[in-house]
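Here come two complexes built around chain A, the first alongside chain B, the second alongside chain C.
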Partner chain A sequence: MIGRRAYGTRLAGQKFKLLPEYKLRCGLEIHTQLCTANKLFSASTNSPFAAADKPNYHTSYFDVSLPGTQPLFNHEVLLLATKLSIALNCDVNLNSQFDRKHYFYGDQPLGYQITQHYSPFASNGFLRLRSIFDDIDQDSKIIEIQQLQIEQDTGKSVYKEQDSKSLIDFNRSNVPLIEMVTRPDFTDLKQIRSFLKKYQNLVRHLGVSTGDLETGAMRVDVNISVNDYARVELKNLPNTSSIFNAIKFEYQRHVDIIRNGDAEETLTHSQTRGWNGSSTVKLRSKETTIDYRYMPDPELPRITLAEDFVPGVSQLMPELPDQVLERLMSAPYSLSLKDAKILTINSNSHDQLYTQHQLQQFYLDTFKMYQQQAGESFNHKLPTNWIIHELLGNMNKLEIYLEKVVEILPPEEFSNLLMFIHEGKVSKASAKLLLFHILNSFKESNFKSTSSLDLSSLIKEFELDAIEVVPQEDLRQICQGIIDDLGDDNMIKGIISGKKKNSLKYLVGQGMRLSQGRIKPHLFESTFKDILGVKW
Partner chain B sequence: MITRVRLNFPRKLMSTYRRTGVVGPKFENIHQVEAYLSKSFWTIEDLLPRYDITKENIPSEETVKSLLKLSGLPMQNLKDMQLKLANQLSFINTLHNLPVDETIDANHARIMIRHPKPLSFNDIEMATSKEMQKDESLGEVSGSWDTVECSKIHENGFFVVREGLIRNRD
Partner chain C sequence: MSIKAALKRLSRLPSAQERFNIFTSISLNVNNELETSSGPLKGLLFGIKDNIVTKDMPTTCGSKILLDYKSPFDATVVDLLKKAGAVAVGKTNLDEFGMGSGGVHSHFGPTFNPLYKDGNFIAGGSSSGSAAAVAADVVDFSLGTDTGGSVRLPAAYTSILGFKPSYGRISRHGVVAYAQSLDTVGIMSKDLNVLQRVFRVLDKYDPKDPTSLNNSLRSEASKHLVHRNTLKIGVPMEMNQDVVPFEIRQALLKVIESLMAAGHEILPVSLPSVKNALPIYYTLAPAEAVSNLARYDGIRYGYRDEKQDIEDGTLFVPTRRNFGSEVQNRIVLGNYNLCSGSFKNNYIKAQKLRVELINQFDDVFRLPNILTGNEGNPNGVDMLLSLASMSLPISVQDYKSKDMRNPLHSYINDIFTMPMSLAGLPTLTIPAGNNMKGIGVQLSGQYGSDQSILNAARTLV
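Moving on, here comes the complex of A and B:
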């Protein structure tokens, strides 16, 4: 206990640092729930998270292991597993098989888990991390993928300590999982963080999983070794902070053991440890290793795939995220990495008003139309600013889903709005008001407003159009008012003498603000100069 | 390829399988069929030579303890357990000594077709849409049956496992 406290205190008090003489090596083992319609070996509904309030609702006889029932393989799993294998540059095994892994646990009443031990689905892949996209210290880092195997999830148990019992829900039982195992190629924490983000985005991008850590759709185990001593496998890491805190803690523990000269005694046999929120705790060691008695599952045929299968799935593959980023960051879009990521990197979709796919499509369609309308004078920043910044800002403020926005502002209408700004027919300030007004009134009509949008009429109605001709007398009155309100003689003198030329811009800015941008700045500039008798 | 087995599958059918086919008198009613199927025509002893337990093949008390620990079973009746295990081991040894066809790959040891036709891309696309159909007789329709009803102890729709089964098994 004293030892544990010491590690915890030190971690809390100091910034974590890898020490050059103690080399960290890590590998990851990630379980990913596939979002197929049905479960892996039955046709019951695969919805382990949504039905949390209805335990044992999506369960067939096989899912709860009733005697006499048999597995029937769901082939949809093959499509998803193959997509992920291709994206991870793996060799797909055209003749893989299911095996039984025997162990005894309350959430697995069959007495074994059906997995792929002897001949997994795919192997020998890699995922490349790049400093430009993935925030790692090296220019490029290849993480090799050892294998991908298909297996079933178990039921979920909730331990009630007070009553000394566990409640078991089999909604999750028999949900398809991919277990992905990397080689121990990670040498620092940044690489692990960026790999997890990249892998999570990849499974969401391919539509094979929600990839959410918080719901358990993605679960991460880490194996860690320091200076090539025996590896320790870290399990039960429910979220990103547990993953990294556990690695930091375990690294420190290894370093201390090696420093104290105890490595030969303590670190020569592999161990499995869990994370209790503040320290890692031993779960299993050499003496308590479980013999899983693997055997080929005699109730399932081998998965034999014809030569045309992988090429067939390849044709269904979308452009991969790194390729999308590269495309968006080059001409004609020329987006910054940050903006390109907003259109590409999927967050968890529970509390988001759009999917990345929807937003990207809206951006690309609008961009294309605006580019056609504006011709050679098009400004690539206009769609970016108005979609990624203004539109998303308004959507969040008004809580409107993108699919609703496109009902009133489809890409062609949005492109028209951009053209009004592009041609200077409305100022940016007026366009902001207009965009908010359109979305707000559509929301207030309960998204039922059927009248088609007429931007020109709206601009006229609200007098938002730029005023080309302003009576000189009116303009002089506005400018004189600004000078009087300012009451700063020093500034005025500076402007007249030419010592404070920039202050003239301040006055013009005040005029723009007053007229909400409807009067062109050059008109203000010439009027101020006229009133003040500026000679420069 | 795989047939789904319903819960009321007539298990006796399997145990009355005969190695040599015989054509007998015609069955007149279902009772005759049931009576026929419930009668055993062979025993394991017919197929296997007798096996004997000797002192040498009784597993040590230490081995039995280790196995009980791994299996999560209680440390009781060790002597009895040693004899039972010895009996089972002798049986397995006898099985191992029977002549078998060594040319068959153990990976294909399945009760189904051993070399299925490889699945093409089209096969899988078609199979996928077909598999979306749920079979109510297999309990695949969500909420169509009360899952926990058949268990002795349950709580608010959950199965209940008492602590000993999951925790503190060492």
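Moving on, here comes the complex of A and C:
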């Protein structure tokens, strides 16, 4: 207990650092719930998270293992498993089988889990991390995938400590999972972080899983060893911070043991440890290890795939995220990595107003139309700025879903808006007002105003069009007013003398603000120079 | 069958139940159902082995662990029979979870053999109650399950017909698993016509059963039937041992004589792998059994220890202690065969030997095997004839004391029935003759040739 506390305080006080003489090696085991309509071996609805407030709602007789029930394989799983296997560069096994893994637990109703032990679904794959996309210290790092196996999820135990009872919810029982096992190829934390992000995005991108850690749709176990001593398996890591805190803690624990000369005694047998929020704790060691007594399932047929199944699924595969990023970062789009990621990297799915797929499609369609309209003079930054920055900003402010936006501003209309800006017919400031107005009034109409949008008349109606010709007298009046309001003689003197040339820009900015950008900046500049008698 | 005849059968039930302990539960609706029944099996009464689930009667598997368990659904076989007009009389006693060959290992006590009016003789197991119900003329037919001989041995001991169809012919959906790779629903009756009619109703593909024989293989099988008036019948030499009592061997000879008299050709065949059947069976079946029994933790249904779920740090010990002794033996045996240290040497080896045995059967038969794809042997036999048991029924007391001295003693009872289970072959047990009480012979055919077996049996019955 004392020892544990000591690690805790040290970690809290110091910044974590890998020490060169203590080499870290990690492997990951990731369980991913597949978002099929039905469960793995029954026709029950697969929706464990949505039905969390209705325990045991999505359960068939098989899901609770009634006597006389039998598993019926849901072939929908094959498509998702094959997509993921292809994306992870795995060899798909054309003749895999289901095995039973035996252990007792209250939320495991069969007394065993149906999994794939002897002949898993796919193996020998890899995922490549690259410094340009994935924020790792190496140029490139290959993480080898040992295998992918299809298996059942268990039910869920809910502990009621006050009356020392545990309740069991079988909504999750028999939900399809893919367990993915990597080789112990990770040598630092950045690699692990970027692999997790990349894998999570991949399953979302492929539509294989929601990939959410917080709902348990994705669960991560970590194998860790230091200087090739026996490995420790870390389990019960419910979120990203616990994953990394547990690894840091465990690394430090190993280093201390090795430093103290206790490694030969303490680190020769593998162990399973959990994370309690502040330290890792022993769950199982050699003496209490479980013999799972794996056995081929005697009634489930083998999964046999036709020769042309995998090539067929390859045809259905979307472009993978790295390829999409590469394409978006090169001409004609030439996006920054950050902007390209906004269009590509899927975040948590429930609290977002758009999917990456929708946004990317909107961007690409708008870009294409704008490019056609603008011809050679097109500015690749215009769609980026106006979609990724302005539109998304407004959507968030107004809480409008992208699928609503396209009802009023489909790509062709958005492209028209870009053309007004492109041709200088509206200033940026006016265009911002216009965009906000369009979205806001559409929302206020309860998304019912279906009359087609006429940008030109809107611009006229709100007098947002750029003023090409301003009477010189009006202009002088506005500029003089700005100088008077400023009341800063030092600045004015500086401008006149040429010592504070930049301050002239400040004055021009004030003019732009006053005219809401409708008057071109060069008109203000020449008028200020004229009034002040600037010679430079 | 007329309602009058059915009611007459039914009237025998109370005394038969009292004398032979046949049923674990009895239906109270029989009279009503008889009046409204219609269909090809109208008016036929039947018993259901109590490891086949039913909605309106409990399903106990003869075990304390499932005491009073009531299934929310009917097994496919029960459903099909009800729809065809047959009326269930009750659930029949059995060796717990189908594990046993004497019919003595039940939480409800042993079933006694109705053939022996004096003394308490075993009816054979594990479908003991199903056999006794037919033998006592309480029902027209019964459903049993046969994993290593559990329909055929009690049929022989009670001198009735016991049919184990090809594996996968009859749905297992709703049959509580003992060892799925072997479990087969069987039909028991005294009347071959009734048995055939029942089989016709049950012989259907069931999408709810992952091991159900699919329709394309069924139609493939129907192309390979035996169309001969005189058959070539093989007698496996390995299944005619000197240890078998003289009178039983005599019974087989008599059957052979009558077959030859009818013009059939009888010849000896060799199936050397038959000697491996017992070790293969007792490696695979308990392994599957221990796995299938793992669900009985008392949490969702069935018996649960009132006080605690954990003992000495192990989950569910207090509840699972309520399995009977024979089930516990097989749990230990199954776990031993599955543990990582012995899996390769035992389980995998047994699977290989099982394939070897099937190949030997395929070498002997003239018909091809539609499952293995093995071609038929042009000089092969149409069917095989063998004894169903190597001993006569003994008293329950003798059986129990022999078992006590050596738990393996009763394992040998199934030695002649196991090879067909391991190969999934259709096999019918036929009483050896009027004066040979408790002795049966088996007629077996190539996988899928069920119809040919039933047709050929007409010569013998």
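Note that in this section the second predicted complex is superposed on the first by the 534 of 536 C-alpha atoms of A that agree within 3 Å, B and C clash if a C-alpha of one lies under 4 Å from a C-alpha of the other, contacts with A are read in each partner's own complex, and residues count from 1 in each chain.
Going forward, a residue touches a chain if its C-beta (ideal position, glycine included) is under 8 Å from a C-beta of that chain, and two chains touch if they have at least 3 such contacts.
Please read all numbers here as calculations on a predicted model, not as lab measurements.
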item	value
Combined model on chain A: chain C and chain B, fit or clash	clash
Partner chain(s) touched by A:Phe447 [first = chain B, second = chain C, both, neither]	neither
Touched partner set for A:Tyr112, first chain B, second chain C, both or neither	second
Touched partner set for A:His75, first chain B, second chain C, both or neither	first
Which partner reaches more residues of chain A (counting touched residues only), chain B or chain C	B
Chain B versus chain C as contact partner of A:Ser60, first or second or both or neither	first
Which superposed partner A:Leu300 touches (first chain B, second chain C, both, neither)	both
Chain B versus chain C as contact partner of A:Ile168, first or second or both or neither	both
First, second, both or neither for A:Ser42, with chain B first and chain C second	first
Touching both chain B and chain C, residues of chain A	61, 64, 66, 68-73, 104-106, 168, 291, 298-301
Sites on chain B touched by chain A in the complex	1-7, 9, 70-72, 106-113, 115-125, 127-128, 131-135, 138-143, 147-148, 155-163, 165-167, 170
Chain A residues within the chain B interface of the complex	37-38, 42-45, 51, 54-62, 64, 66, 68-76, 78-79, 94, 97, 104-106, 118-119, 157-159, 164-170, 288, 290-291, 296-309, 311-313
Complex interface listing, chain A residues touching chain C	61, 64-73, 100, 102, 104-106, 109-112, 168, 291-295, 298-301
Residue ranges of chain C touching chain A (in the complex, touch as defined)	52-53, 59, 61, 66, 69, 71-73, 75, 172-177, 179-181, 207-211, 287-288, 290-291, 293-297, 299-301, 309, 314-316, 335, 338-340, 343, 347
